[in-house]
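One structure, as structure tokens, below. Some questions next.
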Amino acid sequence: MNAALILAALAVALALASAASSLLAVRRRRALRLLALPLFGLAGLAALAAGLAALLTGEVGTATLPLGLPWLPSRVRLDALAGFFLAVIGVVSLAVGLYGPAYVRGFERARESLAALGGFSGLFLTGMLLVVLADDAFLFMVAWEVMSLSSYFLVAFQHEHAANRRAAFLYLLMAHIGGLAILLGYGVLASFGGGFGFDAMRAASCPPEWASVAFALAFLGFGMKAGLAPLHAWLPEAHPVAPSHISALMSGVMLKVAVYGFVRFVLDLLHQVHWQWGVAVLVIGCLSALLGVLYALMQHDLKRLLAYHSVENIGIIFIGLGLALLFVATGHALLGALALVAALYHTINHALFKGLLFLGAGAILHSTHERDLEQMGGLLRRMPWTGLFFLVGCISISALPPFNGFVSEWLTFQAALQAWQLESGVLRTLVPIASAVLALTGALAAACFVKVYGVAFLGQARSRHVRRARPVPLGMRAAQGLLAALCLVLGVLPTWVIGAINAVPRQLLGAGLPHATAHGWLWLTPVSAQTASYSAPLVVVLLAAMAGLSVWGLRRGAVRRIRRCDAWDCGFAPPSPRMQYTATAFSQPIRRVFALLFHIEESVSPRQNAPARYHLRVTDRAWGLLYTPVARLVESAARRVVRLQSGSLRVYLGWTLATLLVLLWTVS
Amino acid sequence: MTALLLTLLAPVAGAIVLALLRSLALAGWVNLAVSATSLAGAAWLAWSVALTGKVAGLGFRVDAFNVYLVVLTAFVGLTTAIFSRPYMRHVCAQGLTTEAGMRVYHAMYQAFMFTMLLALTTDNLGVLWVAVEGATLATVLLVSLYRTPEAVEAAWKYFILCGVGIALALFGTVLTYFAAQHVVADPAAGLTWSALYRQAGGLEPVVMSLAFVFLLVGYGTKVGLVPMHQWLPDAHSEGPTPMSAVLSGLLLNVALYAVVRLKMLVDGSLAGTPNPHLAGYLLMGFGLISFLVAGLFLHRQRDIKRMFSYSSIEHMGLMTFAFGLGGPLATFGALLHMLVHSLTKSAIFITAGHAAHIAGTQSIDRIRGLIRTQPAVGWSLLLGVAAIAGFPPFGVFTSEFLLLTATMKTQPWLTPVLLSGLAVAFAGLFRHLHPMVYGSAPEGQAPVQANMVPIAVHLGLVLWLGLAIPGYLAHWLDRATELITGSHLL
Amino acid sequence: MTAAPWGAALLQALLYAALAPLLVGWVCKVKALLQNRRGAPVLQPYRDLYKLLVKEARVAHTASPLFRAAPYIVFVATWLAAATVPLVAVDLPTAAIADIIALVGLLALARFFLALAAMDVGTAFGGMGASREMLISALAEPAMLMAVFTLAMTAHSTNLASVIDHQLAGGIVLRPSFLFALGGLVLVAVAETGRIPVDNPATHLELTMIHEAMLLEYSGRHLALMEWAAQIKLLLYGALISNIFFPWGIGRSFAPAGLALGLAAVMLKLLMLGAALAVAETVLAKMRLFRAPAFLNLALLLALLGLLSHVILEVGT
Amino acid sequence: MSLTPLPLLQQLVLVLAAIVLLTSFVLLAQARLVSAIHVFAWQGALVAAVTTLVAAAGASPHLYFSALLTLVLKALLIPWMLHRLARRLELDRHVETLRWPTLVIMAAVALVIFSYWLVLPMVQERLAFTRNIVAVSLAVVLIGLLMMVFRQQAVAQVLGFMSMENGLFLAAVSATAGMPLVVELGVAFDVLVAMVLFGVFFFQIRESIESLDVDRLNRLKETAEEGE
């Protein structure tokens, strides 16, 4: 029970307090804004502090709770891995706590039950914290399902629309199946080890085929939750439906909890690793990354688009994890550590910028009540701060220097480029191809966010209510500002971050990155100075210096005036908002190039004395290929089975007689 | 012993009094008081069992296994009585039933409680049979209480199917007695379970396996095992709601209890034979089939109470499977599941009764927007279904966790089946639940005067069991586990 | 680090800015000669840049601050990217600041803001140009990285300096992988710098233009910066190709003599390369936008073949 | 085993048991309801007779009591109640023919063989001369069930149910020298109550569907949803 663990306990207590206090909102709807959400933010802060403490001190704290099964009292354990993810959870929750109060004002006049919103938000955070802290399978599963269940209630929060209900149902169903798979995975470990305690599972000696079974189950369960393709289709349905600050939590943090579960299960509990697992993870990761970004490009509902990008980024994280597994399985612990650090780095980056972007989307929603890109435009001049922070988010998620997204992708590339050290030539070719997919993904993401920012924030407003947009309250801006600043910091000072993350691979693989920070805070050299080096601070400084130089150079001599005029546009009539490129138009070339991957319905319906209508519907192939067949199967099976209940008493008696005779026959 | 008599005789006396009592207002209270007395007796009994380990005599035998079921039965009986007092008065006010009907209801309610408790506590297989048959007789009139054609039909089917099943069970009992005659000296003791259990090894295996088939089909009909389950949804959906609650929460448990007791005997007698786990395999087979089939049934429901009765079949199947699986872990899980399932399921039925009352119909398609109309009912239905679907922090999850891991340990290749079954059942429940609780309420739908106390108590208990199983209860279940499987878990 | 390397780095950064227009001018001149025209003098690009710099800038009413900031960001990012590519000497400290992946990242940053600026005014042309540019780059980037990775895996490094060192150390080795990588990189360079057959720098026809479409609304010094950035980019790719695949002659030390020699060598290589580009642009025809993916797939295929041949033929096992 | 070594009394027992089996065949095929009730009464009486004889032969006195119980209940009381019900329900002219009589009879025969095959291994030397009657009683039980499957008429079904009970009594007598007294009483009580309730339900059913044809009790089913 060390300081870090006490802080973590404080965080859990605060989260529960937030949940409890929001019950007051039944009577006084202001309670949510004035009490519950601030407590939520404090819980985030405490979690952040606990995580950092655990990472920096590197000492492990354990404690036993008065919960759980009689022969298995629930234990909690705060080690480096848990600490890292606590920090991830904490920082986004803190921002949400800042952002929420202003945001939920909008609901106070609505009919939705704010008590439910606040209560389940608190339980949601509690669940996530406990998942990370749990040290035995039972507490883990309980916390895990609490997390799923409470987030489900949040998805179903605005349940007037049938679509939202459907999304919530699908979400809970997938969460349930995933949870069962994870449970069975733990069951395998428990049946070979001495019970459900994680320490017992670490000690367990699984025969390899059973280890693979456990791995498959865990990969299925956690991957389902994380939204890996091809099981991702529920995610873009569910995440956007929740209130925006909850979407930020779900996309930014909950997916990371799934990543945590996967890392904990595979790298910590299953000590021996097979390279085939790495290949599987790598391939699935590539698939998710590519499909995620391509489908994101096809969306014009801002929040759905962001949700699809979560699929993409989770894919990138799993590419890193796959590399880590490959290297560890082939005995290159050092490279494994490199890949793992890359994955973890991207984990926290994605938490930051995806949280930032969802909060930005929430801000737009808050001031324009609009989610459809095709209606937006020119928001930069109407909400400058949100515009600026959103731009930072776009740059970060497009993996452009000098922001944080670039650092993690750079590290992933570096890890992939060490593939020449692998013995098997096949793997040596496979890995660089994966990195090519990663490159393609990054470029497509950039394209996608040029579309988003260009259509939403630049140009002119495409609808009246967007033209009337107003800046959002200070709290919301502050939250976005916090995350944006962190995006820059993590991009500029990677050596410090890696210094902190290093504790995780040391704990899991027994090997850190010795050279990463060997050349001082200025130089990031993951493997060695000769192999690769990147100095984000210098890049920033030089960029600034050169910019200053060029500005200064142009200030001299020549004419300084800038005249405002109409857009030239090759001399056509001054452009009207309707003449702007739409989001759909922007992504048309890519839609045409990758047409194979989409299920496209396109039609032009001419109308009398009116311009013709152009209909386009791009649906996820996963539905047709995976989801609907299963549903149909169950339906037909049910239709067959109900014949049992034919309604005729004599048939029922016949069943009884038949059963009796058959059993007697079999027995004797 | 006194405690036992108190527990048993209170309902008898209550039944007689209530049969004669004319005032309706009073009847509800008397019913409540009698149940309370019986519960007090049960608690006392449990206490003495906890002290001495076993209470026996007068042909009764109360050990760790059945005493917790006794307490559970008395408890659910009490809470349901609390719920039924205002509810049945509302029913009567609606003119669904007559004064006489109400008298029958109250008298039979207590008679039913008596048969349940008798079946649980008796040591004599014959008396067990008599009591279970008595339970059918006591409830069959309640099922047809409303006298609608559907109600009468349901009651008739219930009566015939269970009667036939029970008759077969009697044949099994005769065979058991026959097998016993060669090992148990005193013919009068030839049906006392404890005597048989002591010398189970000597029982003729061939006879016992035949006997077990009859008993399984017989009592299995009452448990609601597919394909003898057809009476169950009808009876649950057409009877008055309190009846559905106790049927689903108690009767099925008692029948399963009988099956388990007999399985213990058969296992003892088959110990030396080529296939010693015959009974276990039979139970597993039936359990699995019921589990899967019921899960599929859930998808095509239109009546809210029917739906939840199918979910009862599903859970009964799961428990049967677990008992068949054997082993301390699975048995412990199954015992726990009995407990949490009957608590949760009776709470759900009570809530469903309120929901049907709000919407004025039991048809799922016409129950809408409960959360909007009456948040208390809507949320408790939502939470109750979440609990029964096996979501933590509710107790059902704990037991399912144990069952699944036990299966993983002993019969791993069955786990995919269980997994898909759970998923299918879950989908079946929630696809119907969503439109009922969520969405906007239809015009003119008004909240009703609902008594949320029993629901709150039940769900609270289930929640508690999910978070932490209190030590004494764990110890208790563990002793029961030891009785059944012969080995400790703790 | 001592002053000499940084001095050299600064020098070569300035060289990039200074030489970029010259290369463009040279290419245009050669093209003109090939087309039997006298053509503009080689120094014409300098004149254009000056003219634009002294002209007043006009900005549309609908433009946001980003529109005015973009040219500086684009120019600076491209310039910094160029500064990390060894031009006259190898062991530059700037080369260590950003390895080749960071270089690609910086170029991507420039492209990102270029495309945003194009969409800012809200004209149809701008959006069209941005959309097409992002498509091309999205397809080009993996090809480029694959080509680069081939080199990186041979040299076990992504530092351009180390790669070139490794090349020089190895002497003249005929590697099949390099052939393929070279081919891929050339194709990518053509696409990225917006030359025929992917784009035509000298047209304003709506159907054909990509890069120009994004600059339509710019004028004055903003346009100058954009054009200058494009020229630096061309030079960057030229230097990249010539110095990685034919590093001979590049200065190994920071002695003035070595630097001068390196300068001469790289000038020579670039003149040849520019001529080759001019020839290619003369004989080839601009192709439809939706042929470009095929073109870039070819690039990707070449790069991939390079990688495979490296793994299969050169390393074995 | 051969009959010859047995004393005459015991041979008589076996003969009566055989007749019980016959009666349940008759019951199965009997078309007229009232005569079916009579046959059922005879069956009860025969069971009672068997019980008495076994008591006499096997010298187990408490069987006399159960014989009396059987006689009163199965041969007098229940048939009388059924008769009264039939009259009050205007069913005394009711005739119900089986759908495929020969098929059903064949099935019943098969059941007899099956039950004999089933009982064969469990019969031991130590068992009294009544062992083969176990097979008969099992057959009676199964045939009763078969009758319930094939008769659409509620009263007929009740007859089937009651003849099952007869089979059970017979089994109790033949396999074991009678059940413990408390069980006997309990069973008898249950059967009686069941009969009363059956009576109640006949009227409820008739007032709800104007007939006693159980095939018309088919409102409660899932298959109705097929159409959707």
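Per-chain residue numbering starts at 1, and chain names A, B, C and D are given in the order in which the chains are listed.
Keep in mind that, in the parts below, a contact is a pair of C-beta atoms (placed from the backbone, for glycine too) under 8 Å apart; a residue touches a chain by one contact, two chains touch by 3 or more.
Values in this document were obtained by computation on a predicted structure and should not be read as measured data.
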{"item": "Chain whose Cα mean lies nearest the overall Cα mean", "value": "A"}
{"item": "Contact-richer chain pair (by C-beta pairs counted) among A-D and A-C", "value": "A-C"}
{"item": "Intercentroid distance (Cα basis), chain D paired with chain A, Å", "value": "70"}
{"item": "Geometric centre distance via CA averages, chain C-chain B, whole Å", "value": "78"}
{"item": "Chain A and chain C, separation of their C-alpha mean positions in angstrom", "value": "35"}
{"item": "Computed distance of Cα centres, chain D from chain B, in Å", "value": "31"}
{"item": "Residues of chain A whose C-beta touches two or more other chains", "value": "639, 642, 644-645, 649, 653, 656, 660, 664, 668"}
{"item": "Shared interface positions of chain D, touching two or more other chains", "value": "118, 121, 145, 148, 214, 217-220, 222, 225"}
{"item": "Junction residues of chain C, two or more chains touched", "value": "none"}
{"item": "Those chain pairs that satisfy the touch definition", "value": "A-B, A-C, A-D, B-D"}
{"item": "Residue numbers on chain B that touch chain A, as the complex places them", "value": "156-157, 160-161, 164-165, 168, 206, 209-210, 212-214, 216-217, 221, 226-228, 230-231, 233, 278, 282, 293, 296-297, 299-300, 371-372, 375, 386, 389, 391-393, 397-398, 401, 404-405, 407-409, 412, 415, 419, 422-424, 426-428, 430-431, 434-435, 438-440, 466-469, 471, 474-475, 478, 489-490"}
{"item": "Residue ranges of chain A touching chain D (in the complex, touch as defined)", "value": "639, 642-650, 653-654, 656-657, 660-661, 664, 668"}
{"item": "Chain A partner contacts - residues on chain C that touch it in the complex", "value": "53-66, 68, 72-73, 75-77, 79-80, 83, 96-99, 101-102, 105-106, 108-109, 111-112, 115-116, 118-128, 130-132, 134-135, 137-142, 144-146, 149, 152-153, 156-159, 162, 204, 206, 216-217, 220-221, 225, 289-290, 293, 300, 304, 307-308, 311-312, 315-317"}
{"item": "Of chain B, residues touching chain D in the complex", "value": "59, 124, 126-127, 129-130, 133-134, 137, 140-141, 144, 147-150, 152-157, 159-160, 163-164, 167-168, 170-171, 174-175, 177-178, 181-182, 187-188, 190-191, 204, 206-207, 210, 233-234, 237-238, 297, 300-302"}
{"item": "Sites on chain D touched by chain B in the complex", "value": "118, 121-122, 124, 126, 134, 138, 141, 145, 148, 154, 157, 161, 164-165, 167-168, 171-172, 175-177, 179-180, 182-183, 186-187, 189-190, 193-194, 197-198, 200-201, 204-205, 208-209, 214, 217-220, 222, 225"}
